[in-house]
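So, here's a batch of structures to check.
Two complexes, one shared chain (chain A), two partners (chain B, chain C).
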Partner chain A sequence: MWKTYLRQIRYLLKENKFFSLVYILGTALSITMIMLILITYYINTANIGVEDKRDRMFFFTRAYVVKPGTDATGDKFYDGLQSSSPVGHKLIEKYMYPLKTPEAKSLVVNMQSVVYNKTKQVNEEMSAISTDADFWKMFSMRFLAGGPFSDVDVKSNARKVVIDESTARALFGKTDVVNYPIDIDWKEYRVCGVVEDVPSYLSDAYAHLWLPYTTATSRFFRGGNNDLRDIQGPAKMYLLGYERSDQELIRQEMEHQIQKLNAPAKKSHFTLNHQPDTALESLFRMSSDPYDKIYTRMQVVLVVIIVLLILPALNLSGLIVARMKKRGEEIGVRKAFGASVWNIMGQLFLENFVQMLIGGIIGLCLSCGLFQLVRNTLLVSYRTAGNDLSVKGVDVLNFFHIINFSTICYVILICFLLNLISTLLPAWRYARISIVEALNRR
Partner chain B sequence: MITVRDLSKVYRTEEIETQALENVNLHIDEGEFVSIMGPSGCGKSTLLNLIGLLDAPTTGSIEIDGRRVDGMKDSHLAEFRNRTLGFVFQSFHLIPSLNVLDNVELPLFYRHVPSKERRRLAEEVLARVGLSHRMKHHPGQLSGGQCQRVAIARAIIGNPKIILADEPTGNLDSNMGAEVMNILHSLNQEDHRTIVMVTHNEEQARQTSRIIRFFDGHQIN
Partner chain C sequence: MFSHILKLIINQWRGNLWILAELFISFICIWQVGNVFSSLLSHKLRDTGFDLEHVYRVTTAIREKDSPSYDPDSPLTDDWKELVERVRRCPGVESVGLTSYTAFPYTGSTNGRSYFGDTTRTTALRGQLTPDVIRVLHITSPSPEVDLVKETSTGQTCFLVSPQAMEQLYDKNTVRCRIYTKDERDKAYPGILCSYLTNEYADNNDNRALWEIWSEGRMIEKNANKDLTMLIRVHPDADHDFRETFLSTMRAQLTAGNLSIVNLTRMEDYRTYILNLSSINLMYGAGYFLAAFFFICAFLGIIGTFWFRTESRTSEIGLRMALGATRRQVRWQMIGEGLMLFGIVWLPAVIVSYVLRTAVWDNETLLSDTVLFITLTAVTTVLLMLLIVAGIWIPARQASRINPVDALHYE
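And then the complex of A and B:
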């Protein structure tokens, strides 16, 4: 039975080359678009590479200063909003480090540092992260030599630095360089560890240098009044929960801490605006929006995906109707010789599904090609935009790390959905057509 | 084998109403070869479509092989057609995207006969109509006479008791028409199948066991 159907599908594909081409390419393009969205989503939110705890990592990235009593939702939020910026390191030190709910809490400042390359005798600008000892609990970096700086090192302003393999090779020609001196921002540091390169698409962990933030606070200075200087600054905070579900508990504890900060007499209050965020939420958080806008943006993306799915399905549906008109006689003959409505519908579904599957496979290949083509652009998230990229980091991103069994299943599911949407109505309509009418359609 | 009582068929559109058949009563015995004749538009094909369960009557009843078929559900009608009736159409109605073998196997396909058995039976009936050498060809590669022989093979593969032929020689030259008529006669005489044939050809009709004539939707004899 299947063999006969497949033989017929092959014949129809060969007979209606233009139709088949449009149909298959249409499917392939929509699959490609959806795959690229899935890939972007996956790169930014899944547990991959050294960022293998993203599912229980939470982000506190913005400090919102508002008039007292401002609700963090809806349009009224804008009336009360005075300013928003990254977080001040003093706020984190004083109010967030004491948090007990998270497993780890890390202050992070992304910056560009100037490193003196003695071999080339030039200063080179490099991506750096000023952070603390808990940073190394957040990510699974692999040390090639030495180890991370400790809490004691951070508290004692020890000028220690962890560098990546590329930097070690560029500066010293080897990776076994623990205790080697290195000039960063015209100060001498000592290498305490060398890690494998971190790909730039892992934007939360990515840098070439990681140094204790206490050695770089002079660069954190910010103008404005004293209240704001403590609250706002260049930092952000990563919080690692024990469980994915710890987000709300952490938020509650943070809110409790904030109450200590917001004295009733102050004219400006600080609000978390529903932080900390999950990795996905942090992607959709813009600088000065109320938190419910995050969900509006997510809904917009979801609608775009659905439209990407439905629009081609509607076009394909039109193509199917055109082809059904040509095949009315066949449907009549099949029904005359015993095919039921369900037999006809099943056949039409199968025929279109096979074509969609071909389109799906081509779509996968296209998205693979397109992915290689736009890889660099695609992988620079707004969080690292402007920083230098680790070329090796980009190179190690392999399409087939992302295209795994579950992705293939998604593609089949999407093909099935496209098929369902595009075939259902024409198939139902034509399968129920009167036999005499169908036979007379020539 | 076939009993038709007070059968009427009216085609209605928004503007006009056409009475295609009016109060037709007839009985056809098992093993008969009946011709239905009359001028174009007299309702011959409409009657054949109603007997073949390809269309539903406006009023009246049809009994085939002892079963009332009016009011049957779609799935039951499909199964009944598949097991009891075989069709031969004037314009062959072969599926162009299937080869000869697949076209002939079609009725068995919906009876869920295993593929090997389907293949064996198809080869057998194609040998009977003299087309063993054309099994892998597509309908577009065959002559009109060959197409009609494929259509006959398709009609008989499921071993139906009744064959309904709507002007089976209408699109063929006289030689090919004679060949097709010979096959139909052999199916009637050797296999004792009941055959109802719509035709315009008086000579071919005279070779059958009975002629039923129609005019303007009425049976006139």
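And then the complex of A and C:
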């Protein structure tokens, strides 16, 4: 039976080449568009490369200062908002480090450090992350030599640094460089570990140097200048839950801590504005908006996806109807020999699904190539600001980070939905036609 | 012919509803995409009053007190003066200017304050530039008689006033004026009209700016500890691998006291980065994609519908040909039907587009509203007509190839 179907599909594809071409390209177009959005989503939120715990990672990235009693939703938020900035390291140290719900909690500052290259005898600007020991629990970096710095190192201001492979090669010509001295921001550090390069599109972990935040240059840690100066600064915080569902528990515990912070009545209050965010939520968080805007933005993207799905599907369904008209007798004959409505509908579905899959594969390849071309436009966002992407741009994406089990599943799912929308109505209409009428069409 | 086609359309009104809806929606969608484009284009073509070609931003880093090699005897002001002089002497460098972090192109600063005219007040973006920045960025004035470099190089503090700020303080034709600051209400500084906008995509409020011109000495005295930015213009002949050449030839001179040059960024690259960061490039890209997408969807729809119709009207076509119609006439009749359908839907679509003209995108264009509306409508109409002709041509050609005998055989 299946063989017959497949043979028939091959025949159909050959019979009207132009029709097949238009049909397949129409599908490919729709799938390319949707896949560009879904790959952006995937690169930013899926467990890929060293960022393999994103599904249970949460982000606390912004400190919002508001008038006391400000409602955190809707337009009232704008009236009450006094300022919004990244988070101060003292707020994290004092109120967030004591959190008990998360498995790990890490303070992170993205910055540009100056590294002295002895071979070239020049100072070079490099992306660096100032952080603490928990950072290494968040990400699965592969150490080529040595290991990470410890909590004791951070607390004792030990000048230890983890560098990536390409930096190690550029500075020392090899990777086995544990305990070698390295001049960062005109201070001598010792290399304690060398890790494999992190591609720049994995923006939460990406840097060339990782150093204890207690040793970083002091100008990064100037406070804000209002009466809550400790809560604003250069930092953000990553929190690792035991499970995805820990988000709400962590939020509650953080809210509890914030109450302590806000307790002395002041002109200004700090608000979490519904943080911490999941990776997806943090993608949609803008600097000074109330948190419900995150979901509004997500809905807009969802509507765009639905439009991208439905518009071509409806148009393709026009093409299918045109072809069904021609195949009336065939359906009649099949029914006369005992095929049920479901048999016929199943066959029509399969026929179109196979054509769509061809379009889907073309679409996936197109979107893969296209994504590489427009990766700077799609992946440079405020989330990556502070990295050295201004000059270099986003690294070329690893092939398997674009084409893999998940993205192929997305394509199959989209093809299925497209097929369902475009074939259902014509198939239902023609499969129920009576035998006599179908045979009598011509 | 005309009334004949109209009759045909009315007779099959049910089948035509779908294509009418299709054309209606396509028209509105393509019109809206055009609207977004024209807005972006009008911003892109805006006179920003500066030129980024061959301009580099010099990144510097300061050695902090916690570094063992910090030199307490070398004040940062001296370091800056020394470094600026060294860069000025570097072969290939045409001019060197200093700006505050808030005043160079694409900085995205929203740092503003109040300024006063004789009787008026405005809130405008602020920032400081040295007169040499005018040389580096080729900053121009809308008024041709003004020589900005000459007028600002007197060593006295003065202001460059953007047209939007000038309009609020005096009127937009004023070229030279008096500016008072919040702290010194009784001291008048000279103000000169300039075209300098830090970002062509900023909306009109963000184009209100007063740039303070400080002498180099004053700039270094006041801003050395803050984010002072060095911009350089390179001679076009020297601008090949300039970054590498500069960093290697200047290698021994990149550090003065506690201040070091650590990088050089082409300002055009920085611009691309900022346009990516602020999603302007994303909007352009999405615009191109959506325009193409609506087009292809409309194309698919028109092909599909006409395919269906020619398929079910084969006998009619055969009859026409048997009665003497040529293939050409049959094809043109079909295309005529398509265009006539478009004609029916055209006016309602134009009206809806007019009503929705600001719904998706509030266009702040340089063209007046009417001119823009007529242009967009004309372009959309022509594009859709071409699409209809292309979409109908293929099924109509196939149908007209039928042998009249075969077609009549159906009846």
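The rule is short, and it goes like this: the second predicted complex is superposed on the first by the 340 of 442 C-alpha atoms of A that agree within 3 Å, B and C clash if a C-alpha of one lies under 4 Å from a C-alpha of the other, contacts with A are read in each partner's own complex, and residues count from 1 in each chain.
One rule holds in what follows: contacts are C-beta pairs under 8 Å (C-beta built on N, C-alpha and C of every residue); 3 or more make two chains touch, one makes a residue touch a chain.
Quick caveat, the model's predicted, so the values are computed rather than measured.
In the overlay built on the shared chain, the residue A:Ala263 is in contact with neither chain B nor chain C.
Once the two complexes are laid over each other on the shared chain, residue contacts for A:Thr4 go to chain B alone; chain C is not touched. In the superposed pair of complexes, A:Leu302 makes contact with neither chain B nor chain C.
Comparing chain B with chain C, the partner in contact with more residues of chain A is C.
Judged by the touch definition given at the top, the superposed model places A:Ile408 against neither chain B nor chain C. By the touch criterion stated above, A:Arg334 is placed in contact with chain B alone, chain C being left untouched. In the superposition on chain A, contact of A:Leu425 is made with neither chain B nor chain C. Of the two partner chains, chain C is the only one that A:Gln121 touches; chain B does not reach it. The interface of chain A with chain B overlaps its interface with chain C at residues 442. Contacts from chain A toward chain B in the complex involve residues 1, 3-4, 7-8, 11-12, 15, 329-330, 332-343, 434-436, 439, 442.
Residues of chain B that touch chain A in their complex: 49, 52, 54-55, 74-75, 78-79, 81-83, 87, 89, 91, 93-99, 102, 105-107, 109-112, 115, 138, 154, 158. Residues 18, 22, 59, 61-70, 247, 251, 254-255, 260-263, 265, 269-270, 272-273, 276-277, 279, 281-282, 285, 289, 292-294, 296-298, 300-301, 303-305, 307-308, 311-312, 394, 410 of chain C are the ones touching chain A in the complex. By the touch rule above, chain A contacts chain C in their complex via residues 18-19, 22, 26, 29, 33, 36, 112, 114, 121-125, 185-188, 217-219, 308, 311-312, 314-319, 321-322, 325-326, 374, 376-378, 380-382, 385, 389-391, 442.
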